[in-house]
Amino acid sequence: MTRKPGRRSTLVGTVAEEVLAYTAGEDRELDLALVEYDCIGTAAHAVALSRLPLTPPVMTPDETHRIIRELVEIIRSHRRGAFRISAADQDVHLAVERRLTRRLGEIGRKVHLGRSRNDQVALDMRLYLKDQLVSVAEQLCSTVRALLRQAARCRSIPMVGRTHMQPAMPSTVGLWLAAFAEALLDDGSDLQHVHTLADRCPLGAGAGYGVPLPLDRWLEARLLGFRQPVTNVLYAAAGRGRLEVRALGALAQVMLTLSGLAADLIIFSAPEFGYVTLPEEMCTGSSIMPQKRNPDVLELMRARAAALQASVQAAAGIVHGLPSGYHRDLQEIKPLVMRGFAVTGGSLKIAAAVVGKMTINREALRRAFQAPVFAADEAVELARQGLPFRDAYRRVKERLSGVESRRPEEAVSRRTGWGAPGNLHLEVLQAEARRLGQWARAERRRFHRAVSRLLGVQYPALESSG
Amino acid sequence: MTRKPGRRSTLVGTVAEEVLAYTAGEDRELDLALVEYDCIGTAAHAVALSRLPLTPPVMTPDETHRIIRELVEIIRSHRRGAFRISAADQDVHLAVERRLTRRLGEIGRKVHLGRSRNDQVALDMRLYLKDQLVSVAEQLCSTVRALLRQAARCRSIPMVGRTHMQPAMPSTVGLWLAAFAEALLDDGSDLQHVHTLADRCPLGAGAGYGVPLPLDRWLEARLLGFRQPVTNVLYAAAGRGRLEVRALGALAQVMLTLSGLAADLIIFSAPEFGYVTLPEEMCTGSSIMPQKRNPDVLELMRARAAALQASVQAAAGIVHGLPSGYHRDLQEIKPLVMRGFAVTGGSLKIAAAVVGKMTINREALRRAFQAPVFAADEAVELARQGLPFRDAYRRVKERLSGVESRRPEEAVSRRTGWGAPGNLHLEVLQAEARRLGQWARAERRRFHRAVSRLLGVQYPALESSG
Amino acid sequence: MTRKPGRRSTLVGTVAEEVLAYTAGEDRELDLALVEYDCIGTAAHAVALSRLPLTPPVMTPDETHRIIRELVEIIRSHRRGAFRISAADQDVHLAVERRLTRRLGEIGRKVHLGRSRNDQVALDMRLYLKDQLVSVAEQLCSTVRALLRQAARCRSIPMVGRTHMQPAMPSTVGLWLAAFAEALLDDGSDLQHVHTLADRCPLGAGAGYGVPLPLDRWLEARLLGFRQPVTNVLYAAAGRGRLEVRALGALAQVMLTLSGLAADLIIFSAPEFGYVTLPEEMCTGSSIMPQKRNPDVLELMRARAAALQASVQAAAGIVHGLPSGYHRDLQEIKPLVMRGFAVTGGSLKIAAAVVGKMTINREALRRAFQAPVFAADEAVELARQGLPFRDAYRRVKERLSGVESRRPEEAVSRRTGWGAPGNLHLEVLQAEARRLGQWARAERRRFHRAVSRLLGVQYPALESSG
Amino acid sequence: MTRKPGRRSTLVGTVAEEVLAYTAGEDRELDLALVEYDCIGTAAHAVALSRLPLTPPVMTPDETHRIIRELVEIIRSHRRGAFRISAADQDVHLAVERRLTRRLGEIGRKVHLGRSRNDQVALDMRLYLKDQLVSVAEQLCSTVRALLRQAARCRSIPMVGRTHMQPAMPSTVGLWLAAFAEALLDDGSDLQHVHTLADRCPLGAGAGYGVPLPLDRWLEARLLGFRQPVTNVLYAAAGRGRLEVRALGALAQVMLTLSGLAADLIIFSAPEFGYVTLPEEMCTGSSIMPQKRNPDVLELMRARAAALQASVQAAAGIVHGLPSGYHRDLQEIKPLVMRGFAVTGGSLKIAAAVVGKMTINREALRRAFQAPVFAADEAVELARQGLPFRDAYRRVKERLSGVESRRPEEAVSRRTGWGAPGNLHLEVLQAEARRLGQWARAERRRFHRAVSRLLGVQYPALESSG
C-alpha cells in the first residue's frame, strides 16, 4: 500500500501527520505509565478468550501461555526503558498489540478479539488509579506520623491560638500540628472511598456495548484482583472520566490541607512571628539579597494545591455535557490525573520532611502571649462563679485593659475536653493512621498476588515463582 | 447607651451599618435554614452545661429544662414563619440567644458559656449536611428507580450504540438508561461517604482551642446522634470548609451524571434523531416561533451542573491557603452549599419525571440501524470461524460496503456478557438502590430519635411524646 | 380555555407548574434589574417597526408614540416597586408585552413582530453590562483616589519591603499602596475593553437568524446609543454568554487585586506586625472572646474574590461545548453576572473606606527594620566601588552578621528610579484615574442622551423635556 | 567548598537535592522558551549599566559590547540546541549569568548589579507574552479567513437554523460559519488588549522595591521596544501573575469559540444530520469497529477548551490572596501559560484545516427543512397583512399542521437585515481581519527593529547588519 505524503498508516487507519501530532500530543509519553497495566489486562483477556465455550476455540491455552510469556517480556523491556510507543501506534494498546504480533505472528493478531481500546484504557486507568491511590495513602500515613511525632514532642508548648489571624485563646503547638494530622486522615478516607469505587472491572465492555461473545466478565475481574465487574457495560466505559474526577477531588483535598500547613509555616517563619525556623537546606536564596532564606517549597506547595484544584474543574469540565458513549475528550483527563498523583505524593513527602526537621522556637511562641488572649478565660471564670456568661463577657469587654496575664501552661492545662489542648488524644489519630497503613498494604498485596497468579511469575519482581 | 449614627450595637460590639450590610449579606436569610439545628445544638449544650461537675453549678437541670422548652417554642415559631434574625443579631446564633434572653432573662444569658459561634456554626452545618445528604440520597433513589423501570420496559428495544457520536454497535434503550442508574448509584455512595465524615460532632471546640471547662464532648455527640466527636478541637472548627467542599463535590458528581442524561435527551429529541419525545408539559415554547417545543428543563439541568461544579472550585478556592483557625471567609461557602443541595434535589426530581414520562420511538430507533453498525459483528464472526481478529477487521474494513444488515434484535441478543445489552442484570442495580434507600431511612430515623429524646417531644412533629 | 390542574398557560404555551418553577428559578426576580433596559429596547424596536417601508404599515408613528408613553409608565411603576413579573410571564420580556397589551390592546400585541426573546435578552444584557461597567469603573476610580491620597500622605514612611513574606529591602508605605492603585487602573482598562465589545447592538437578530422584514439594524443601534450593530445575527445571539464571561473576568481581576490588599491588611493588622490599625467601626467582635477586633470585611472580600473567580469558570463552563444557536443554558449566567457586579462594586467601596480610615503605625513599621534588610544595599555599594556584583554579593553573604543597620529614610531616598520608593510619580497614576473617570462620565452621558431622545423625556429623571 | 551529600551549591546558596527537584520541577525545561528574551533583556540592562552616571563606571561601553556579543552567541547556541540549564542553575537567569561569567570572567559577574530574578522573569514573561499574543493573533487571522472563504462559498446554501437544538428558522451555511469568524475577531481584540497591558517594561524594579542606583527605566523600556515602563516598581513585579491570568483568559475565549465550532461539526457530521463530511485524513478509526471515522481532533479541541478554561482558574487561584511582593507561587503559572499558547495556536490551525477541507452536503441540508420551520415566516406574513403579531402567532400555533413548506432559498432571501442570512456583509469581517493582521505584523516589526538595534545584528536572523 502506498501512503500519501504527510499521512501515516496505523493499525487502524491512515491519518494526516498534523492530525496525529494534535491528537496524540503528549499522550504517548503518558501512556508509558500504563504499559504494565496494559500487559496485565491483556493477559487476563487472553485467559478469558481461551476459556470461551466456542468450537473451534478462538484461542488455545497454549496460545494464551505464549502471549502471557511475551507480555512478561514486554514488561521487562519496558522496565529497561526499551519499549517504545511509536507515532503510528498512537497509544500503548496498539503498541503492545503490534509487539505481540511482531513476535508471535498470527497469535498476536488474535488478541484484540472481544476488546476495544475503550475498555482497555478504562481498565488500565482503574488499575493505575488503584495502585496510585494506595501509594499516596502510604505517603500520607508517613506525613501523618511525622505530624503526630512532632505534635507529641510539642504537646505542651504553649502557642497563641488565633482566629481571623488575631490572637484568640491559649493553645499549644501540639494541638496545631495534630489538627493537620486529623485533616489528612479524613483526606485518606477519601482516597479509600475512591479506591472502592475504582475496584470494579470494566473488561468485557468492548466499546461500551458489550461484544457478541460469551466473555466471562467475572472471571476477568477475579483474574485481575477486582472485587467485581462494573455491571453496566456502557457505564464501564463512560464511568471512566468520572472516576478520575473523584480521584482528583481526593488529591485536591490532600493538597488543600497541605496548603493550609504551608500558609501557617510561611507566616510563622517570618521574623515578626519567628515561631518556627525552617530547615536551612529546604530554603532557597535570593539572586540579589544575600540575607534571604525563602520558603519556596511551601509556596510551591500552596500554588500546586490551587493548580490541582483547578484540575478537578478541568476534568469535570471535560466530562460535563458529553453524550453517552466514549469520546476522545476523555484522553485529556489522563495528564491531569498523572500530574495530580505526582504533585500530591511529592508534596506529602516534602511536608513530612519540613515538619520533621523544622525548629520550634519556644521563646518566640511565649512572647506572643499578651494579656488580652486570656480575656475569654477571665469571662469563663466569672461565669463559674455564678455570673451569667453574657454578663461576664460584657464586664470583661468593658475593662479589657484590666485583663490579667496568666501562665500559658496553666491556661492550657485547664482545657481538658476531649481533643482540647490539655487532652489531645493523639493515640486516637495514631490508631487511625495505623489502620490506613494496614489497608494500603493489604490492597497492594491483594493486587500483587492476583497478578503473580495470572502471569505465572512473582509480581512485581517478575522472578519465576517456581 | 447612645449609638453613633450609622453604627449599630449588637450583642458583641458596635459596627458601621455599611460594614454590617457587607458582612451579613444574604447570610441572615440563609441562616433561617439553620434555625432548627441551632436550637437542637443549643439544647444539647444546655444539657452538657448542667452536667458539668462544678460547684456552684453553672446551670441547673431545671434551667436546662426551661431552655429546651423555649428552644422548642423557637422551632415552632420558626415553622410558622415568625422567627426573625435582625441585622443587629447578625446571625442565627445570636438571634436564638437573644430570644432566649428575652424570654428567660438571666438563664438565656448563661447559655453561651463554653461555646463560640465557631463551633455552633460548625455544628449547625454538620447537622444540616447530614440531613440534606440523606434527603438527596432519597431523591436519588427515586430517580434511579425511574431509570430502572424505564430500562426494564425498554430492555429489548434496539438502539444504535454510539462512540464519538458516530454509530458504533447494536445496543438497547435498556442499556443506555441503566448506565445512568449505575452512575447515580456510584454518586449515591459519594453522598454516603461524605455523610460518614460529617457524622462527627464539633461541639465543645469553642473557637477552635477548646474551653477552660470540663465539657463532656462525647455526651454532646451522643445527645445529637453523632457517631463520635471530632477529635482535635482545632480541626473541628477548621474542618468546616473542607467538609462542604466534599459535599459540593458529591453533589457535582450527581449533576455531572444528569448533565450527560440531559445532553443525550436534547440530541435524541431533535427531529433528526427523534428517538425520544419529551412530555409536552415539560417543554417550553418560543415567543416568535409557534412550532417550538424546547427542552429548556434539560438545558438548565446541564447549565446548573456546570455552575455547581464551579461551586466546588469556589468553595475550595475560599479554603485554599487559609492559615489555621477560623476566618470569616468560610461564611461564603454557606450559600454555595445551600444552592447546591437545592439544585441537585430539584434536578433529580425533574430527571425522574422526564425519564418516567418521555415516549420512546421504536421506529426512529430502528431507522438508525444502517449496515455499517454491524461491521464489528461481522469481524467477530470471521474471528469465530478461525481468522485472527486483526485480519478479520482488515478484511471487513476493505469491503465496508459489503457489510450486511442484520436484525438488530438478533445482534443484541448475542451480547450476553454480564451487564451487556442482552444480559442487563438490572436486579443488581435494583438491590443497590434498595440498600441506599434503607441506609437513608435508617440515618434519618437515628437522628430523629436522638433529637426526640433530647427535646422531650416527638421530632420532627414536635408533639409531646407522652 | 380550561387548564389542566398543575399546568399554567402563558403567552407562549402551557407548561407544568413544577417545570415553570425549575426553569424560572430566581430568574423572575433577577429580571427586575432589566425592566428599564427592556422598555428602552422595546421603544427602539417600536420606532424601527414604524419606519419599515411596508404598506400597510405594521405600526404607525402614533402607535409607536403610545407604546413609548406606556413604556415610560412601566419604568415609573417599576421604580415605585409596582411592576410585577408573574410566574406565567416567565420573564421580563413577556411581562412588558403583557402590560402593553393590557393597556393598549391590539397595539401591544403588535410589538413582538420581528423580535425574539433571544435578541431582547441579548440587548437587555448589553445595556445592563454597559451601565454596570461604567458604574464599577467610577467606583474603581474612587478607590484608586483613596489609595493615592493615602500613598501621598505616607510617601516617605519607611516600610520593610518583602518577598516570600521575608524582609527583603527598604521600601515605603507609599510604594505599597500605590502598587494597588496601578493594579486597579489596569483592571479599569479591562472594564473599558469589555465595554467596547458590549457596545454593539444585537437588535434585529430575532432568534439568531434574522427576520423576514427589512428592519434597519443601524437605526436601532443608533437609537439606543450603540456604536454599531453586531454584524452577524447568529453571533449577536450566541455572543451573549461570551460577553458575560469577559465581564466576569474583568470583575474577577478587580477582586483579585482587592484580595491581595485584603491579605496584606489582615497580616499587617495582626499584633505581631501592627503596621496598620483598622478603623474600629469596620471590625467585628467575637461572641466569646471579649478582646477581639476582627477584620471580617477583609476576609469576606478575599473569599468573595475566590467565589467571583469561580463564577468566570461557571459562566465559561456553561457556554463551553454548546452548539450554535440559543440554548436556555445561558440563562444561568445571569445570576452570576448580577452577583458579580454587586460584589465588586460593594468591595471597591469597602476597600476605599478601609484605606481612607486606617491608621498607619510608624513605630511598628520602623521596628521591623533589622540590619539584614540592608544587605543588598551593602552589596550594591561594594559594586559601586568597583567589585563585580556577584563577588560583592558573596562577600556580604559570607559575613551577614556584619551588615550594618542604616537609616531607612536614607536607604529609601537612594531608590530614585522611575516609580521606585524614592520617586513614586503618583501624578502619572492620578492622571490615569482622571482619564478613566472622564471616560465613564462621557459614556454615561452618551447613553442618557440617546435614551432621552428616544423616550421623549429626560432620562434617567423621566421628567418631560419640554 | 565541600558539599554535603544530597545538597547542591548554586550561585545563590546550598539546597537539598530533593528540594531542588521539587522546586525546579519542569521549570528548567520551560525556561528554555525564555532564553532569547532573557538574553535580550540582559543586553538592555548592560546598556543601562554603562549609562549610569557613576564614577568609577560600574560597566564600560566596551564591557557592555562584549556582553552583548556573548549574549548573541548564547542565542545562537540555544538555537542549535546546545544551551543547557543545569539543576544547579535552577533557572534561565542564573544559567545565562553563569555562561557570561565562564566566558567573560569578571565582566559576567558584574551584570546582575541592579537586577533581581524577579524583574528578570517579569521582563522575560512580558516579552514572551507579547510575542506569543502576536503569533496567536496571526494564526487567528488565518482561521478567520478560512471561515470567511468557506462562508462566502456557502453563502446561499440553505441550512435549518436551530435554537435549543430544535429546528427554528431558515438560515444558511454562510451565516453559521461567519458567526464563528466574528466571534474569533472579538477574541482577537482580547488578544490585542492584553498585548497593550503587557507592553510596559518592568525592568529596573529589582526585587519589587527598586534598586539604590539611578537606573534609567525609560531607557530600558525604549531599548526593548516597550511603549513605557510600568510605573510602580512593586506592581511591576506583582503584576506578573495577573497579566498571565488575562492572557489565559483571552486564550480561553478563543478556545471557547472553537469548542462551539467543534460541537457543531461533531453533531453535523453524525449520519443523522450528515450536513458536513469531515476530511478523511483528519478522522481516526476504531480498533474494533472497521466502519468508524471519528472526529477525534474536534473532541480534543473541545476538551482542551475546557482544560484551558480551568487554567485561567488555576492561575487566578494561585494569585488569589497572595500578600504583596514576589512569591514562588507565581512560577506555577508559567507552565499553564506556555501550554495555553501551544494549545490555542495548534487548535486554531487544525480548525482552519477542518473548515477549509470539509465537504458541505447540500442534499442533507435541504432534507432537514420541514414545514414547521417556516411557521414564524407565516406568522410574520399574517402580521404584514395587518394582524397583530401575537394574534398571528397564535393562529399559526393553533394550526401548526397547516403551515406550508416553502423554498428555503426564497425564505432566506427575505432576511435582508444587516448581517442576516440574506445580507451577510462578510466584507465587514474581512476588513476587521485585515486590520488585526496588520496590527500583528506591525507589532512584530516594532519588536524586531528594537532588538536589532540593541544587539547590533539583524534580529531574528542574527546576521550582522553591516
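Chains: A, B, C and D, in written order; residue numbering restarts at 1 for each.
Keep this in mind: a contact is a pair of C-beta atoms (placed from the backbone, for glycine too) under 8 Å apart; a residue touches a chain by one contact, two chains touch by 3 or more.
Worth saying up front: this structure is predicted, and the values here are computed from it rather than measured.
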- Query: If you tally the C-beta contacts for C-D and for A-D, which one comes out higher?
  - Reply: C-D
- Item | Interface sides of subunit B and subunit C: same vs different residues, half threshold | same
- Query: Which integer distance in Å separates the CA centroid of subunit A from that of subunit C?
  - Reply: 39
- For subunit A and subunit D, what's the span in angstrom between their mean Cα positions? 32
- Query: With chain centres defined as C-alpha means, what is the inter-centre distance between subunit C and subunit D in Å?
  - Reply: 24
- Note on the structure: Where subunit A touches two or more other chains simultaneously, the residues are 11, 112, 163-165, 168-169, 206-207, 267, 285-286, 288-289, 294, 296, 299, 302, 306, 309-310, 313, 317, 320-321, 327-328, 376, 393
- Could you pull out which subunit B residues touch subunit C in their complex? 4, 7, 10-16, 18-19, 22-23, 25, 90, 93-94, 112, 115-117, 206-207, 281-289, 294, 296-297, 299-300, 302-304, 306-307, 309-311, 313-314, 317-318, 320, 327-333, 336, 346-347, 349-350, 353
- In the complex, subunit C residues that touch subunit A: 163-169, 266-267, 269-273, 285-286, 288-296, 299, 313, 317, 320-321, 368, 370, 372-373, 375-376, 379, 393-394, 396-397, 400, 403
- Message: Please output the residues of subunit C touching subunit D within their complex, sorted ascending.
- Response: 11, 54, 56, 58, 97, 101, 106-114, 118, 161-165, 168-171, 175-176, 178-183, 186, 189-190, 193, 196-197, 204-218, 229-236, 238-239, 242, 245-246, 249, 252-253, 256-257, 259-260, 262-264, 267, 302, 305-306, 309-310, 312-313, 316-317, 319-328, 376-377, 380-381, 383-384, 386, 388-391, 393, 411, 414-425, 428-429
